[in-house]
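By letter and in written order, the chains are A, B, C and D; residue numbering begins at 1 in each of them.
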Amino acid sequence: MAMVCISDFEAYAKKYLPKIVWDYFAAGADDCTTRDENILAYKRIRFRPRMLRDVSVMDIRTKILGSEISFPVGIAPTGFHQLAWPDGEKSTARAARAMNTCYIVSTYSTCMLEEISAAAPGGLRWFQLYIHRNRAASQQLVQRAEALGFQGLVLTADLPYTGKRRDDVRNGFRLPPHMKVKNLERAFEVCKMSLLDPSVTWNDIYWLQSLTRLPIIIKGILTKEDAELAVRHGVQGIIVSNHGGRQLDEGPATIDALVEVVEAVRGRVEVYVDGGIRKGSDVLKALALGAKCVFIGRPALWGLAYKGEEGLQDVLRILQDEFRLSMALAGCASVSEIDQRLVQFSKL
Amino acid sequence: MAMVCISDFEAYAKKYLPKIVWDYFAAGADDCTTRDENILAYKRIRFRPRMLRDVSVMDIRTKILGSEISFPVGIAPTGFHQLAWPDGEKSTARAARAMNTCYIVSTYSTCMLEEISAAAPGGLRWFQLYIHRNRAASQQLVQRAEALGFQGLVLTADLPYTGKRRDDVRNGFRLPPHMKVKNLERAFEVCKMSLLDPSVTWNDIYWLQSLTRLPIIIKGILTKEDAELAVRHGVQGIIVSNHGGRQLDEGPATIDALVEVVEAVRGRVEVYVDGGIRKGSDVLKALALGAKCVFIGRPALWGLAYKGEEGLQDVLRILQDEFRLSMALAGCASVSEIDQRLVQFSKL
Amino acid sequence: MAMVCISDFEAYAKKYLPKIVWDYFAAGADDCTTRDENILAYKRIRFRPRMLRDVSVMDIRTKILGSEISFPVGIAPTGFHQLAWPDGEKSTARAARAMNTCYIVSTYSTCMLEEISAAAPGGLRWFQLYIHRNRAASQQLVQRAEALGFQGLVLTADLPYTGKRRDDVRNGFRLPPHMKVKNLERAFEVCKMSLLDPSVTWNDIYWLQSLTRLPIIIKGILTKEDAELAVRHGVQGIIVSNHGGRQLDEGPATIDALVEVVEAVRGRVEVYVDGGIRKGSDVLKALALGAKCVFIGRPALWGLAYKGEEGLQDVLRILQDEFRLSMALAGCASVSEIDQRLVQFSKL
Amino acid sequence: MAMVCISDFEAYAKKYLPKIVWDYFAAGADDCTTRDENILAYKRIRFRPRMLRDVSVMDIRTKILGSEISFPVGIAPTGFHQLAWPDGEKSTARAARAMNTCYIVSTYSTCMLEEISAAAPGGLRWFQLYIHRNRAASQQLVQRAEALGFQGLVLTADLPYTGKRRDDVRNGFRLPPHMKVKNLERAFEVCKMSLLDPSVTWNDIYWLQSLTRLPIIIKGILTKEDAELAVRHGVQGIIVSNHGGRQLDEGPATIDALVEVVEAVRGRVEVYVDGGIRKGSDVLKALALGAKCVFIGRPALWGLAYKGEEGLQDVLRILQDEFRLSMALAGCASVSEIDQRLVQFSKL
């Protein structure tokens, strides 16, 4: 079967992954409304393509927090890559480096940060952090990441408790015994996530800033009010995210929330978005609405499930080709030419 | 089969209840548009969740007319609980008390008010009343309820005649011979409800007030005009309700009508809502839009059908857990922090 | 099978009528969008029901052009009733008289006007007219109808040519040889309708007025502009109609057009509507939006197909009961209490 | 099977064409959203039909750039007609001439321009051009067309690169070996279209104007900004088109974009539209919204696939009959009576 578009990888993963794993990756909270809305919301945005512009030389590179990437698509933090492919996050890191893009490594990796770094030295990586009840554990993780050359710290803000994902409850999902969340001091039961601290507030940003010189990106912002708070607390970036629809169901689709956040931020920090990206043209829409870069979650896992490092590169390359073609057909030869006039919201 | 969400109980009830009973509980008027809209309307409301608030200590209690309940979900008045479970309303009363919430006992109970009270002494209960042509019968019911310690009187306003529920007509629904509407002087054919008085008007509120010191809650209000009238006639509470879509089809979904009613009432009396609640997050939406508490009808029956008192407790506990989690994920640590900024109506 | 609602008659007719006849009655123009929209548009209208009004005595009578009818539902003009029931329009006339309502007899009746009159003497009937190329033929029809005691003349304005009904073309629909369009001088091929005059204009209203003292009702108006012209040309009534979606596809649903027409007419003449009425509550919506009465087309044919005169009475009685119940549940005890505040258009 | 409407030809073509050919003709870019939206958008437009106008004599002729055509439907440029019928574009040319309408011959014809001209001398034809990297090749094509009596030059603006049509990629679509793109100097692989020049800009309009005295029509405009640029660069006509949804997916439906373009152009040049025309009433809608003429792509191919020249005439005749009937039923006796008051956009 030819792998022509991202849906092909999804179909492959659904067919070949163990059901319990597929369900875990696919899961959304409650009725999965938000998970699905993330995708549907893109369909309500229409391009206003411009013609007869010289698009013979295309430049799709961009920079995030000063680092150049080959195109504005990075790898969002998702857990447990060994469930998709034996080499787990090491493959992810290699694919991201090969494609010259950014990989946000999850706290819930099944490989050690050290292993991931060693697998793809020099790659652009950010580290995703949950703040634990045991602050020393979090501090140690941050400092390990910084020492290993990670270039950004992504604080996930939308998981004081884990969302209710019905299939995982029914399946009794847990990691198989031979996999571990290696980056944490001691193994623990993941589904409970009882180590996470639900008392975290904006003031903990200051604490994080005191631990590290890494730029801090906050992930999970969906409102203008929180965007303003993020800027005021000195973060360097915001990832508009609803955790792939896995936390609070029936919040906004991320592409819809992006508009509100971008307007509130007024260019003071970089804004990114994840959730629902399935085509290169989705990337173009997100950039037109003010995102500096997008991050993909499930599509990366499907790529891994298909062929590990190589499969993930296939996914990224397809998105890259589609993004470049969409830009050209919309009349943009470089990322700097993309702006809001390129899109409109469908009345339907 | 694990009972993970309310739909699981619905599926169970549909499978195991006799068809004629399932149809009766499920019935909506005419095309069942309003019955279904009650649910769909919740899906058009989007959360605006807030992040990084301390939600380590959650307080989901509330008060209705001065009585504390463990969380803002009570049991709406529905008839004929023995159709769902042999012990009928006695089981309902026990479950409500066990979960420390309010149970509105229907006039059309298959257990005597005295039996219900004895089954769960000390539970918070309100009594639901239709006004009969024979006013003495209604007066006697009110005074029995008051004497038994019921703490509120719920006047149903939307049933001058019974709505047209096609399946019940086709099935020739009637109570099986061994069940009785025990609270009324003599048995009568329920589907006709020929004892109800369609000449009732707002002035009858004054008559009710003359009979009892119980607070009066009016159930079935859907417009701002009637909300204003209710306040002016001195009721203590309003339940926004369309009788589960069983009366006038193609009226508004209750969550939509709630907005209009809350705005008209301007805090002068408490406003509640029933209809379409299927998830803890629905409760959160209703509270964000101004409801003090919600009441569940069919889900309670499904719980009873599953395992009687225990099954209804399961239903309530699931809603409670989901409500608590939704609040936390939306950034609210206590019910008092919930307000209208938490939601927006989807444009779709 | 119990006949509980109008859809039951539809299902019966679909099952028992010859396919070519069912197709002819069911046919809409082109994609049948407007035919179906007529029904869907009612579903977008929501009631705002009022509570605690005395609805113990219901009065559902109304008057059209001065004649009292038992409830505001008449029989729209449709052709070829013998296709549905052997006695054809004679049965229709008897049922309409029995239910004390108005029957608009079509030019394309399969019974003579004289037979129809004789079948139900004293019934309230209007005569529906197409203007033919041979004006003398039309004049003769008008004068026969007036002489027979018909009390109104309904000029159909939306059929200069016959709409394209694909199934009729595929089926090669034509009347079976033993049926005739008896009211016209000589038999002719109905599907061509080549006798109709496509040059008719508003001035022909004056010509009609010169022929008869009957009030003239114009049928097929869908815009405010034409409503204004109709009033200016001295008609006594307007039937908002799109010919059951059989003429121009993708025009407005009649209930939507009604709003525009009623606003333009400002009470100067009576306004009626046909198309899409399937429930008593649809009648209530039409009246709330300003219609004086509605007319049913296909449902009458389904009633005939079920049991002739008796079946049509069943249909009318169901609509009557549903209308009365809807009124009561909406808080209206008489037709005069129905007004626009009773409804709102759904945003969806 | 009777061919009653355009969908019948579609069904025929889907059944009898080789799958790879059907897929090629049917293909849309990416998710085919825009391809399908082209059709759906027509359904959201409602007529406001007018009654009692004299429509006994219908005149459906119009003029495009000064040439009279029998009705406002021409043949859009599509490639490879031999895939549909052995005689290819020669049949198309004969059918267009027989129906007295305009045929826009594609650069990617499988017949030589000279053969096409010889097949139907005197027919009204425009030539569709892509600008190639080898400008001399383009110049030669333009001048051949002009010499052959083509009366307009249609520059396609929306194909700097070919859109991503997944089925074509999966099928490995390419012309069968016995077919050639005969008008180009040397055969080449069509799917790559590597000969097209993606550096073309508005200035190349001036270059084209220097080559030919033919009027220039620009095809592929979807925004007011580009419409304004087109007028300023001196084109004689604009075809609002999204290439049948085959280029940038999720741009606007053409009938929606038409409104914006017509408003911007303010009558300075003629505006046409293609995409989604499936019924005569679609043509009427397009004219009401300001199009001077529409062009059909896939329906013409389906006609060819059915019976070559004769089949295409059938398609055109059906559209002609439907257009005439729609006009009459909407109250327009000639094309000059069609204006924007005839339509409104549905709120749904």
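Assume contacts are C-beta pairs under 8 Å (C-beta built on N, C-alpha and C of every residue); 3 or more make two chains touch, one makes a residue touch a chain.
None of these values were measured; they are calculated from a predicted model.
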item	value
Minimal step count in the chain contact network, subunit B to subunit D	2
Partner chains shared by subunit B and subunit C (touch criterion as defined above)	none
Residue-number overlap at the subunit A/subunit D interface, same or different (half cut)	different
Between subunit A and subunit C, centroid-to-centroid distance (C-alpha), Å	60
Distance from the mean Cα position of subunit D to that of subunit C, given in whole angstrom	42
Contacts with two or more other chains, residues of subunit C listed in rising order	348
Subunit C to subunit B touching residues, read off their complex	2, 4-5, 43, 45-56, 279, 281, 285, 321-322, 325-326, 328-330, 344, 348
Interfacial residue positions of subunit D with respect to subunit A in the complex	30-31, 33, 44, 157-158, 160-161, 163-164, 166, 169-170, 197-202, 204-205, 218, 220-223, 225-226, 229, 247-252
